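Sharing a structure here in structure tokens format.
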Amino acid sequence: TKNDSQEKVIRIAEQYGIAYAPVQIMKDQGILEKNYPGIQVIWEQMSNTTAIREAMVSNKLDVGFMAIPPFLIGWDNGMDWKIATGLSSVPTGLVAKDEIQSLQDIENDDRIALPQPGSVQHILLAMACKKEFNDPKKMDNLLVTLSHPDGMTALLAGNEITAHFTSTPYREAELATTGYHEILTGEEAFGGDFSFIVGVTTKKLHDENPEVYKAFNQSVEEAILFINENPEEAAEILTKYYDLSKEDILKYLTAEDTEYSATVKGIKNFSDFMNETDYLKKSYTSIEEVVWENTDYAEY
Amino acid sequence: MSVIIKISNLSKLYNDRSILKNIDLTIETGEFLCIIGPSGGGKSTLLNLIGGFIKSDGGSVSFQGETVNKPNRECIMVFQEFDQLFPWKTVQENIEFPLKNDPHHYSKTEIAALTGTYIDMVKLHEFKDFYPHQLSGGMKQRTAIARALVTTPKVLLMDEPFGSLDILTKTELQDTMLEIWKKTQTTIVFVTHDVREALHLADQIIILGDGTVQQRIENKTKDSEERVKEIIGFLSP
Amino acid sequence: MQNIKAIFLKPYSKYVWIGIMLIAWEAIAKLTPVSPLAFPSLEAVVAALINSILTGDILLQMLFSLGLIFVGLVIGVLLSFVMSALSVVSPVFESFVDTCVSIFHPLPGIALLPLIILWIGTGSKAILFIIVHSVLWPMILNMTAGFKSIPVVYKKIGQNYEFSNAKIIFKIYIPASMPYLIAGLKIGWARAWRASISAEMIFGASGGIGGIGWYIFNKRVFMDTAGIFAGLLVIIVVGMLVEDFIFSKIEDRTVKKWGLS
Amino acid sequence: MQNIKAIFLKPYSKYVWIGIMLIAWEAIAKLTPVSPLAFPSLEAVVAALINSILTGDILLQMLFSLGLIFVGLVIGVLLSFVMSALSVVSPVFESFVDTCVSIFHPLPGIALLPLIILWIGTGSKAILFIIVHSVLWPMILNMTAGFKSIPVVYKKIGQNYEFSNAKIIFKIYIPASMPYLIAGLKIGWARAWRASISAEMIFGASGGIGGIGWYIFNKRVFMDTAGIFAGLLVIIVVGMLVEDFIFSKIEDRTVKKWGLS
Amino acid sequence: MSVIIKISNLSKLYNDRSILKNIDLTIETGEFLCIIGPSGGGKSTLLNLIGGFIKSDGGSVSFQGETVNKPNRECIMVFQEFDQLFPWKTVQENIEFPLKNDPHHYSKTEIAALTGTYIDMVKLHEFKDFYPHQLSGGMKQRTAIARALVTTPKVLLMDEPFGSLDILTKTELQDTMLEIWKKTQTTIVFVTHDVREALHLADQIIILGDGTVQQRIENKTKDSEERVKEIIGFLSP
């Protein structure tokens, strides 16, 4: 029937970056197709979390990957979606010029580059400011929203940008340059471990196509497992998608603080903090409001 | 003869300045009417009103009994501006233009024949593939005349069409106009500032001044130097 | 029927059309099953606007953007004028300008970003640079096209009085190519808007509180759709005011008065 | 001195200028302490280009972008033509078009994104929409300005032969406003490029391998600056080919032949 | 009298068509030279060459002993196009224009006085604040003439300046031209297609045809009908 054929389609936003490696593996190995024979997977390549969110509002996408804060902003504004799975944690941190030893040294004419307000980098910075100055918005007017590569160019060019909140592999490239060091890591700011990227699905997919939803979750897990068990082979596959050598990819995949895991970590902490500091209008009272049943999560 | 154009009580203002004041004029089918008068006297304005190109501020013009409120294919105007040729068309294409777009649907051979005839008539055969910017002033005028004649309209409105022609071409074209006029019974309204030309061509001459028709002259005996002097007398203030 | 038609012919006809569009908007928002997150109702937009005016900096941000646009437009117009004028004067320079236009006109500011960051940084100057880059090339195209379409006889008159090149350009070329210049200016103005909004979205609150583009971007990342439209509304209103009070006045005093349109 | 000047007056003068710019580039890359990450040498760029051609899809991506731009340009030109023509014919429609231009021209595509995604989705159609939005408004401005600047006597001749509105527009308005139309087309072409590159950076590779904007975006993400410039180089080369083989041909056969420039 | 303009062996081609062939001509200071000839005969081309507006394809023109290779402030041209007024300036502003931009630096009162004089001379006082699109054809021509006269150049090159003037204005302006000519010793080169006008004005007439000077006529006895016939005889092929 017509309904059947509709059930067999899933639209997933694909993004690039080491943190998204399982998504490429899933795509390349046809894991979802294997787990749900006959399904048609539409990969929409998108480059921007906000656009993904808008596409999901408009029912042009069923699944997107993003950090927890952008997800919470959508949820707070009434989007019908929940987290289906964790994906990865990668090292992230604030890289600054050597003159700047700590957050205390950042002055009013310094500028901090990060991807955008409301991004995980922004919230982490706010968390650190809260701890340090008891004023989470202290740096909000010093922000310059540059994508990671532009942010790196800006930092290394040595103009106004004196610090850059970024992650793998830009963080590593910046730290390898003399004159720059890390003054804050994501973990320090957050006060523990957290999922950097999670997978989010719409209620529509979850409710109307539970089989597809299940197959998707299972596929993500398999992809994560694949990377964790066969990093060499995974790196080989990823050379197709990334303009990097196999050695470099392998290095990033297996770095000490890079972790691929389906467990969602840190959501409560983000939510409460963002609510306290008015980035959200509300926090959740029960975890079921933000994650689907059967999703692994860890709270502190 | 029947009346083809009837002008009643026609007035025109520009910025509250009265250019034409309550003009009454009838033009009969087949008449060759010349309009003369001082520069700025309203000759072009009158022609534009007859052609339906501008709106009057009172009174009316009727053509074959119907009120004129827009231009008419049977009433073709040769404008005073001599940059009235389409710069993107050659001499030949400019002349063909009205034929190609005529509802009569001339055949290719007819178009070629008619265009050829009129190009020869204005002696531009050699220049038929020239673009307007490559022509001399007089050549442009001749092309415009040929374009107006080629569809043989019922009325020709000509605003100083021979203004920049040398005397020979002018004389020849004057004679051609007279021939065409006699043969086709076309009604011609012809603005000129050359009194001799008016006397040579017209059977009716009107003198337009101060916004009114100051004299209407039946021109039976053509081409006399006395006539010239008489008219210059009329023109003098 | 005639009466209805007449409504659209008045000077305020624009506002009639806007009214119709607003009604259509409201009808879609209310009567179709679109998510208010993507298509907020007018009340929500107006409420967001009032809220931004009362509790936020939207008016100051608008002024900041307008200031940048104005400066960018002036620089762009002057530069394009200088380049078009020099092309008139010197064929060598003309080939240089042609080359620049065909190289730089199709390049989006976003592709130049790394270079801009490297050379100019990320402050207001970078936004200005992007605005100028947006305005300059179409202005040059329209100016040179305008200069080329001037009747030869006007140029000859200038030469006849042995005018210097500067005089020929100021006294003859510029007034004679007014319709082109005005069309170019309108394109430039709209492009400057677009560029400044996009640039602010990238470079953030460079002037402290930032401009209207930064306002919209913040609304967007925090999913305040009504706020986005409030920002767009402000842009549209300012655009129309400029159209009605600046461009039409310029047209009335030039091309319309001279009978060129 | 005369000899040197003569070099710049030949038809190939453009290439002389490009040569000079390339040399300046190389000098900066080699002689100043800029980071090759921001300012790669020519060899690196050329190597990246050759590599992309041999092992990558750059040529196909270019074709894909060109296809989209071509379709977008055609749609934009047709729409702007229809709208300008209708404004000539009907004053009611004219006020509608004016309103649309003043509302939509200054709005950046990026601000319309939520609506575009809602209505059109994120595929090639969305990119096309952004291209059309970029091309349409400046084209309308130039077309209507061109139509208005036509000498009154040409219009009168059309009326005299009782041409239909369609005929007046096709047979008289369009050829008579050629210089404007060509300037508009050039602006439209450059704008279409810009729009498609920016849109691809947002919407990604909707057509499988994506277009040249997606290529550049990927190079940027992976900090392959030489690759970025290889992409820009391809854009510039295509732009110049179109300029030399399409626009100049159009000009030669129209305005130049008619003595309008 | 001294030679002011010397034309030697002057040739001009357009698209390989020879328009002027090895023309030799000397014009003396204070001469009033009329050029007549058939439409397309090269009259405007010759004037443009003398004025330095176009380049020759052989031979040279010299003005006061110096080769002409660009236009000269002392050699002012009234063009055949009658849309030669600047549409963005009123009649008065058009006439003032060369004075305001003259290196002589006329004072405000001088400018006002001179402009007033010439506006009156061409009888446009009433229309001085009109823009060109509000003028009749003849008014435009008169404005252009006043603009050329106002700086009292040494040489006036006039290409059918009285082309669309009514006979009275024309006669008056002809007399004014003669007066100015006698008073100021201005050298005038005047293209016309009106043989009578040439006879009335000129002291030298040349007939230009087939690209060469076919006749040069000393015009001592002015205004005789025989003369007209004689010249028409020369013009006929």
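All chains are identified by letter, namely A, B, C, D and E, in their written order; residue positions are counted from 1 within each chain.
Here is the rule we go by: a contact is a pair of C-beta atoms (placed from the backbone, for glycine too) under 8 Å apart; a residue touches a chain by one contact, two chains touch by 3 or more.
Note that the structure is a prediction, hence the values are computed from the model and not measured.
Novice: If you take the chains that touch chain A and keep only those that also touch chain D, what is left?
Specialist: The shared contacts of chain A and chain D, listed by label, come to C.
Novice: Looking at C-alpha means, what's the farthest chain from chain E?
Specialist: Following the centroid criterion, the farthest chain would be A.
Novice: Please state whether A-C or B-D has more C-beta contact pairs across its interface.
Specialist: A-C
Novice: How many angstrom lie between the centres of chain A and chain B, each centre taken as the mean Cα position?
Specialist: Result: the chain centres lie 81 Å from each other.
Novice: If you average the Cα atoms of chain B and of chain E to get two centres, how far apart are those centres in Å?
Specialist: Each chain reduced to its C-alpha mean, chain B and chain E end up 28 Å apart.
Novice: Which integer distance in Å separates the CA centroid of chain B from that of chain C?
Specialist: 48
Novice: Quick one: which residues in chain E touch 2 or more of the other chains?
Specialist: In chain E, the residues touching two or more other chains are 81, 83, 134.
Novice: I need the residues of chain C touching at least two other chains; which ones are they?
Specialist: In chain C, residues 35, 38, 114, 117-118, 201, 220, 260 touch at least two other chains, as defined above.
Novice: Please output the residue numbers of chain A that touch at least 2 other chains, ranges allowed.
Specialist: Those would be 54, 57-58, 149-150, 153, 157.
Novice: If two chains touch, include that pair; go through all of them.
Specialist: A-C, A-D, B-D, B-E, C-D, C-E
Novice: So in the complex, which bits of chain C are touching chain D?
Specialist: 5, 8-9, 13-14, 16-18, 21, 34-35, 38-39, 91-92, 95-96, 98-99, 102-103, 105-111, 114-115, 117-118, 137-138, 141-142, 145, 148-149, 179-180, 182-183, 186-187, 189-191, 193-195, 197-198, 201, 216, 220, 225, 228, 231-232, 235-236, 239-240, 243, 255, 260-261
Novice: Help me check something: in the complex, which residues belonging to chain B touch chain D?
Specialist: 51-53, 70-73, 75-77, 79, 81, 83-84, 86-88, 97-98, 101-102, 131-134, 151
Novice: Going by the contact rule at the top, pick out the chain E residues touching chain B in the complex.
Specialist: The touching residues are 14-15, 36-41, 43-44, 80-83, 127, 134-139, 141-142, 159-160, 163-170, 193-195, 232, 235-236.
Novice: Enumerate the contact residues on chain D facing chain A in the complex.
Specialist: 35, 37-38, 113-114, 117-119, 121-123, 201-206, 210, 214, 217-224, 227
Novice: Tell me, which parts of chain A touch chain C in their complex?
Specialist: Result: residues 50, 53-54, 57-58, 70, 73-74, 76-79, 111, 113, 116-119, 141, 143-146, 149-150, 153-154, 157, 159-161, 279 of chain A touch chain C.
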